[in-house]
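Presented below is the structure to which this report refers.
We call the chains A, B, C and D, going by the order they appear; numbering starts again at 1 in every chain.
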Amino acid sequence: MTTLGATLVSVEPGLVEIALRPAPAVSQQHGFVHAGAISAIADSAAGYAALSLMPAGTGVLTTEFKINLLAPGAGELIVARGRVVKSGRTLTLAQSEVFAQRDGQEKLIALLTATLMTIQGRDGVSD
Amino acid sequence: MTTLGATLVSVEPGLVEIALRPAPAVSQQHGFVHAGAISAIADSAAGYAALSLMPAGTGVLTTEFKINLLAPGAGELIVARGRVVKSGRTLTLAQSEVFAQRDGQEKLIALLTATLMTIQGRDGVSD
Amino acid sequence: MTTLGATLVSVEPGLVEIALRPAPAVSQQHGFVHAGAISAIADSAAGYAALSLMPAGTGVLTTEFKINLLAPGAGELIVARGRVVKSGRTLTLAQSEVFAQRDGQEKLIALLTATLMTIQGRDGVSD
Amino acid sequence: MTTLGATLVSVEPGLVEIALRPAPAVSQQHGFVHAGAISAIADSAAGYAALSLMPAGTGVLTTEFKINLLAPGAGELIVARGRVVKSGRTLTLAQSEVFAQRDGQEKLIALLTATLMTIQGRDGVSD
């Protein structure tokens, strides 16, 4: 996240917001924020939302996600809001909506759905 | 890509390879390459594969992708190989397989499927 | 839909509900409603939700969808609720939540995200 | 599968082919095979491919899938070919390509990626 210049805005149980200020390092050839950067903050917001409902000492790994990129990532600030759809002992389903803020208005630019796997210690991350 | 430390290894018509050398900046809390970085190189390999079949002056935008993360991104080098599944005037479907290389062996760690939209000039990227 | 034994429960602008009463014909080897049948009603609910916002004479085709199956399709009634996330001239993004009803309670069993393409007359469906 | 009029054409370890002869019961309003029916045979081909690599007495459930529908399902025969991408003890990743056959030619009309969960007895399918 630091690499991208993203910041954690807020964390509530099952709800997390991450913001990214567009900069050349995360932009693609047309001047928009790169799909990879949008996916990264959306995935992180979903992952932290899942983590926020887990006991201390637990970790999460993304096992799969799908993202629809609805409009170019252009604006003063890109905000990803993750929420848990269904939490389980092993697998949690979460979604993130990503908005571009410009001139005081928000526009939905992406929707991500992710499956997160709970890991305890290093269990579950070995092959 | 520069932000991530990724390099374009090879480009053939419909086939592109991108490599990423794991570093702290692209790793997550367990020391593996972050899902966001793996997605970014996989998406880029798919996008460049699509672009490699298009006329000069054309661009591509990812409209949606899905990625399955099969194993942690641990190894000396992470390699994404993108290929075009079906190319069309407006939409192209492409896939990327991502491998982790370690001790001279390759292991499949992720599979991405992406829809890319052709853009000419700035057409198609306006709302 | 008739083949599956599904019925259209309600249609409001951007919101559609479809119900399926479990029967042997749509069940798989473990007695649960088949993933294919759950996907079909979820996709249809998303498609009709998209269609409900379009002018008369317009049709829709699903261009891609993703579904997460969260729990087995077991219950007295399976209900899919589709809603439009973002509608556009050419492409609409919609989601469906699928619930199993049993003993007066509802449980989320699936989440689908679909991209629908607007078609007018036979335009857009030719290759 | 019987409901749809689909037949299992061939089963090899990790490779399964299912065919569907288009009929009014599985067609949508424009005369093409319904996306739900295409998804169902694609998902089944992926599921049986996964099952073909497992010990006797084991079952599979689809936990998530993604399908891209590339062209309308029009032709004399619709054929889904499933293959295992990566098999694991608990989770298997499989893909299906779906082709429409017409006048002796095949055309790719859909690509599905599915995650299948191994179940033994009734374990894993309870909540």
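In the analysis below, a residue touches a chain if its C-beta (ideal position, glycine included) is under 8 Å from a C-beta of that chain, and two chains touch if they have at least 3 such contacts.
None of the values given here were measured: they were computed from a predicted structure.
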Report task. Report the chain whose mean Cα position is at the greatest distance from that of chain D. Result -> A
Query - A-B or B-C, whichever has more C-beta pairs in contact - result: A-B
Query raised in the report: In whole angstrom, how far does the Cα centroid of chain A sit from the Cα centroid of chain B?
Result: 19
Report task. Please report how many Å separate the Cα centroid of chain A from that of chain C, as a whole number. Result -> 26
Query - Rounded Å distance, chain B centre to chain C centre (Cα mean) - result: 31
Requested in this report: Return the residues of chain C touching two or more other chains; collapse runs of consecutive numbers into ranges.
Outcome: 63-64, 66, 68, 115
Query raised in the report: Residues of chain A touching chain D in their complex?
Result: 63-64, 66, 91, 115
Query raised in the report: Considering the complex alone, what residue numbers of chain D touch chain C?
Result: 2-4, 25-26, 29-30, 32, 34-37, 39-41, 43-44, 59, 61-69, 71-72, 119, 122, 125, 127
Query raised in the report: Once bound in the complex, which stretches of chain A touch chain C?
Result: 66, 68, 70, 85-86, 93, 108, 111, 113, 115
